[in-house]
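Paired with subunit B in one complex and with subunit C in the other, subunit A is shared by the two complexes that follow.
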Partner chain A sequence: MTVIRHSRRTELLLLLFAALIVGVGGVLVCLGMDLPLVQAARGLGVVGAIMAAAMMLDLADPRRDRWLLPIVAVLAGLGFLMLWQLDGRQASRQLVWMVAGSGVMVAVYYLIEDVRDLARLKYTSGLLALALVGVTLAFGVEKGGARLWLDVGGLISFQPTELVKVLMCVFLAGYIAERQELLREDTRKVAGFQMPRLRHIAPLMLMVIFALAIFVGQRDLGAAVLFFGLFVAMTYMATGRKAYSVIALVFFAGGAAAAYMTFPHVATRVDMWLNPWSEPVDRGYQILQGLFALAEGGLVGTGFATGGGATIPAATTDLIFAVWAQQLGLAGAVAMVLLFALAAHRSFSIAWQATDSFGALLAAGLAVVFSLQALVIIGGVTKLIPLTGITLPFVSYGGTSVIVNFIALALLMAVSRDCMPARARDGGER
Partner chain B sequence: MNAREMSRNIRRVAMIPAVGFALLCVFLGYWQVYKAPELRADEYNTRARDRLAKIEPGRVLDSGGAPLLGTSREGGKWQRTYPEGESVCHITGYNDRSGVQKSLRDALLGIGRYESPWAEFAEGPTRGNDVTLTVDLDAQEIGTRLLRGERGAVVALDARTGAVLALVSAPGYEPEGLVDSEWDFQMFQNDPGKPEIDRALQGVYPPGSVMKILTAAAVMDLGRVDRETEFECDGEYEIDGATITCPRAHGTVTLDEALQVSCNTTFARLGRYIAADEFVDYMNRFHLLGGADLPLPSSKGRVGDFTGANRDVLLAESLFGQGETLVTPLAIARMTLAIAHGGTVLAPYLVERISAPSGASLYAAQPKELGQAVSAETAASVAGMMANVVEEGTGGVVALSGVDVAAKTGSAENPHGQAHSWFTAFAPADNPQVVVTVVVENAGAGSEAAGPIVRQMLVYLLGNTGAI
Partner chain C sequence: MDLSIILTVGKYAIIVALYAFVLVVFRGIMSQLATESRRGQQVATGARTRSERSMRSRPPARPAVAPRVILEPEPQPEPQSAPEPPPEPPAEPEPVPAPEPEAPAPQLEARPEPEPRTEPEPAPTISDRAQPPELAAAKIDLLAELQAEDEPEPVSEPEPVRASGAAGLLVIESVDETLAVAETVPLSAAVTIGRSDENSLQVFDRFISSRHVLICLRDGRRILVDRGSTNGTFVNGQRVEEEVELSDGDRIAMGNTVLEYHAG
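Now for the complex of A and B:
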């Protein structure tokens, strides 16, 4: 118990440190926007909500990861401050989503008595994921070229694909964990590669192909890439068979080439990635404005809360990182990338410490989704890869994204609670 | 598979995002520090506009330090002034999107690669750099005066370095306030005299007989003909049903004499001594068809297609500068310079140096050789022949007392009326210091319109170098 108390104090100190960072940031925003300094407390609302959630999690079971929440508190707090400068209305909503998300996280943590039980819900999750994608495709509303939004009663609109990411993690973790040995051992040699038998892999492949096709149909390329990466990583982690990854990469290359030739919007993304200057005020506008923002930032940035988002398209969502990098420069940009790297590392380490296959795969899947999302959007902004619209977890504006990320966080917490070696020695609750 | 193995696999997979995040940091550094100055100066970067208006642009000076472009401050913004007006209009341009104001913008504003990535610690640049050009303001004014009322161009180069001493195009225009009035600017752009075009660099003309310099150099460099090789001119030369004529029968002439009297049939006959691809090869060696490679817009030359049925006729015509060959005045000056410089082609250059506001030198021009067009021996022979053109032939108009001049005239037939008057020269013939090339559109024989202008330019420029 001393260890727990000790780590509990560490988390509290880190959360207080997060509050300090966000508090100072909030003061800067108030100064920059000529607001009364009292309002700086709004930024603390985000950190406060997460802090309160952390305490409530401990009421249920204090044996959990102590690093993710402080990191998320900094990211979410800074994200809120960025939104505040860029769009006050969105910021107010985001604050509500953050508080609600923290609550959802606590609720999920409480509801799941043992995360290993979720394995039984794998087919439910899978079907629900497909249903959500299908419904969006049928009744979705198009915004910014992608059909991702579902309007319910004209009041609430949400992005089902965000939730699909988590559902797919549950499905893949459950399905693969159950057939781990079969996928690994019941193989045949085909063209020098150990290949699994079709009957083991077929439902998986079908599911993935179907989902990918739908994602591409929705023009949500970021999600398609994310999903593909998730699938490849999961099969490799469960089986250790590199052949799957090679086959998958071949598929990916073929699929990418086909998409480039078939879909004009894919070709646009790739062409503008290769040479945005060929159409600087047209199709290359977004990527160029992102790069100009990076350059304007330089080493130490133009200063927090000095504006600069006006010329950047999608400044509060896809390109929020560009605004951050402009204001905080290379120093701030690298700091944020390191925060994401740290969060990814913590999530992966929960996975590799887990004693249970399902728990490990679930945590690893969530870690893959989280890191890929950050990599894809920041990589797009820095022209490392083609720019595709995807949210920066916990930073970008978006209600669905925030809530779902908190659910994912709850699942990671639950894995760290239920699948650690010490708990396994206790005999578990099964 | 046991938990340990899976744990190992997860660790392996976790390496991939770790590498990805490291790559992101590298790319961030690339854009935010290494590439930042360039991006901040990018013409599509609207956020840079406000910052640029606060920078006092550097001055553009002639070789003697006289300002060709100045600055004035109006309403908190810096504006350009044009103290020398028309005489340097094609060099200065009329706004920040023309002339050297466009091409040297980064240097003049101290941005782009002239900005230190660390400059942002201090507020960024507040004053741009001064650019000193190689041109001589007096030479510009003389050229402008001599071309008044004509359409044409004057190019003067330093024969020792390739520095551009004068670059004049007529008609010119008054750049000050040109873009202030929409109406005036429309008139300017629709002017039939096309004053916006820099004829020295962008004008393409058939070279006429000045091409014979290159033809003579080529056949002699190939070793197939020498200065004393004799040809028979009876005033007409028939080839494949086409007839090439001279104004009169020159009788028996050596190649030397043929250049002096500018005998067309002799040069057409040289088609028997040189193949089309060899001829084109020498054109490229002399960079006759290349652009100017100066920080100003320029055109490339053209040559006929020697693959058709009439290729022999086309080659014969091209050898004395007709056919379908088109060249810029600068290219003819560069070719003349190569003969004067022992067969070595020098790259013309316009920017002498760039100095920071502190006085520190940011750039200093170095003469650059583009390659050997012909052997030094060949160049010396052609130079001697060109000296004879002035002494005994058609170029007598540029003969100066006390200094030998080498030259070649040209009258280029064209579809727009009277022949274009060409004249290209260098002096002193035995120790070349300056090259002057002049073209005057539709003005007749080379010795009539272009020759006197070359003479005046030579007198001024050689007075400058101390040769006269």
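Now for the complex of A and C:
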């Protein structure tokens, strides 16, 4: 038990460290924007909410992961500071979302008595995911060229795609965990590749193709890429067969080529990625402004409260990385990537240590979603890959995004609580 | 002027603090990983695989047995139910070594009594792990022949597999104390059997390959696929070439382990 007490203290210290970083940042923002210093407490509110949530999580069962929450606290806190400088109203709302998200995380953590029981809900969550996507497609509201928003009674607008990714993780993990051996062993040789029999893979393919078609129809390319990556990663992790990945890549290349030729908005993205200078004030505006921000940031950045990012479209959501890089420079941007890498590493270790294949696949799937999102948007902003709109987890502004990311975090915590070797149902206690 | 100096210093402070944070978390994660895997190595061979097994294909209520090391010779000779008067001269029962301090010998009383189903009398005690491979192989052959006599033509009367849920493997012979004789292992849509822990049914038997067989449902038929095992798989005495369809009551022999398939 000493180990637990020790790691609990470690988490608290790290959270205090995060509070220190965000607090100093908040003071700088207040100084720079000529606000009373008391307002720096707003930044601390984000870290404070996560800290309170961490303590509440420990009330019932202190055996859980100790590293994800501090990492998230730093990302969320500094992201909030960026947001604050760009748009005060959004920042106030984001603060509410962060507090609410921490509460939701605690609630989900307690509601799930044993994360392995979620495996029984795989079809429910799969169907729910499809239903959500379908409803959005039918009744959604278009914002910024993509129909992603659902207005409920004119009060709350809500972005179902975000929730769909967690539901899809549960579905894929449940489905694949149940059929792991079939997918891996009951194979046939097709053109030199060990292929699974169609009957095992067909439902999976159907589900994914359906989801992808809807996303492409919805013009939510980021989500389409995310889902495809999730699907490929999950099947590879479950079966260890490279053939799946190769086939998937072939599919992806074909699909991407088809989408490029069929959908004008896909073509726009690719053209602007290849040469944003062809239309610098029109279609290439966003990516160029992002690149300018990166350039202005230089090695160590311009510092807080220097008024960066005002010209970047969607600076608070998709392009928040550009603002971060402008204010903290290459050094800060690399630190952010490292933080995401650490979070991903920790999530994958949870998956790797999990004794239950559903728990392992669920944790790995969430880790893939997490890191793919960061990869797609950071890659897009830095012009490594075509820019597709997707949120940067915990950093971007967005109520649904924040809440859902906290739900995903709660699931990871639950896996780290329920599926570790020491918690095996029979024995193993030393 | 003052303000801009403060902002610049603050910016550097934040960047340095960010890297310090990353470093601290990284070191912490790594050291935790190291302790966990060290602890894991001690426990993994027994507890982890067992728990995995119980979650995947076993009823959860199992008597807790202390973790053990796989290739350790049995501390006590096991009573074994051989189906025939043993063809080989029974090996001398090993002198009982002192029980290890770490892994106490599993209690024989904790295990269900071996109930031979078709065999009337339990054979004299032999230590299976002391058998040379040739003897084991010979025994399997003889055993298979005998079984073939017992059940004249089980293959010729194919029984349709009804429900996949109720199907199971009855343990007839086992040298693995976690796989008790007369226990029934439920069969899901696909079960792999072998010595390594990636299998859904892990069997600690020296003569079973690390990936030995796959038993799966295909078009409602239960198929047994030999995954290129070293010592082979015998269904009713016939060595399985690649794959074979199972029918109710088939005897599956691998290494020193014999299982009986029940379609349920």
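One rule holds for everything that comes next: the second predicted complex is superposed on the first by the 424 of 430 C-alpha atoms of A that agree within 3 Å, B and C clash if a C-alpha of one lies under 4 Å from a C-alpha of the other, contacts with A are read in each partner's own complex, and residues count from 1 in each chain.
Note that contacts are C-beta pairs under 8 Å (C-beta built on N, C-alpha and C of every residue); 3 or more make two chains touch, one makes a residue touch a chain.
The model shown is predicted, which means the values in this text are computed figures rather than measured ones.
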Checklist entry - Who does A:Gly23 touch here: subunit B (first), subunit C (second), both, or neither? => result neither
Checklist entry - Which holds for A:His345: it touches subunit B only (first), subunit C only (second), both, or neither? => result both
Item to check | Which of subunit B and subunit C A:Pro313 touches, first, second, both or neither | outcome: neither
Checklist entry - Who does A:Leu328 touch here: subunit B (first), subunit C (second), both, or neither? => result second
Checklist entry - Looking at the overlay, does A:Gly297 come into contact with subunit B only (first), subunit C only (second), both, or neither? => result first
Checklist entry - Is A:Ala360 contacted by the first partner subunit B, the second partner subunit C, both or neither? => result first
Checklist entry - Which partner does A:Ala305 contact after superposing on A: first (subunit B), second (subunit C), both, neither? => result second
Next on the checklist: Quick check on the superposed pair: does A:Leu182 touch subunit B, subunit C, both, or neither? Answer first, second, both or neither.
Outcome noted: second
Checklist outcome for this item: Shared subunit A footprint, subunit B vs subunit C, residue numbers 180-181, 300, 329, 338, 345, 349, 353, 355, 357
Item to check | subunit A-facing residues of subunit C, complex | outcome: 3, 6-8, 10-15, 17-22, 24-26, 28-29, 32-33, 35-36, 39-40, 42-44, 46-48, 50-52, 54-56, 60, 62, 64-67, 188-192, 200, 214, 216, 218, 223, 225, 227
Item to check | In the complex, subunit A residues that touch subunit C | outcome: 3, 7, 10, 14, 17-18, 20-21, 24-25, 27-28, 31-32, 66-67, 70-71, 74, 116, 178-182, 185-186, 197, 300-301, 303-306, 327-329, 331-332, 335-336, 338-339, 342, 345-346, 349, 353, 355-357, 421-422, 424-428, 430
Next on the checklist: Quick check: in the complex, which residue numbers of subunit B touch subunit A?
Outcome noted: 1, 3, 5-14, 16-18, 20-21, 23-25, 27-33, 35-40, 42, 44-48, 117-118, 120-121
Item to check | Residue numbers on subunit A that touch subunit B, as the complex places them | outcome: 180-181, 184, 233, 236-240, 277, 280-281, 288, 291-300, 308, 311, 325, 329-330, 333-334, 337-338, 340-341, 344-345, 348-349, 351-355, 357, 360-361, 364, 367-368, 371-372, 374-375, 378-379, 382-384
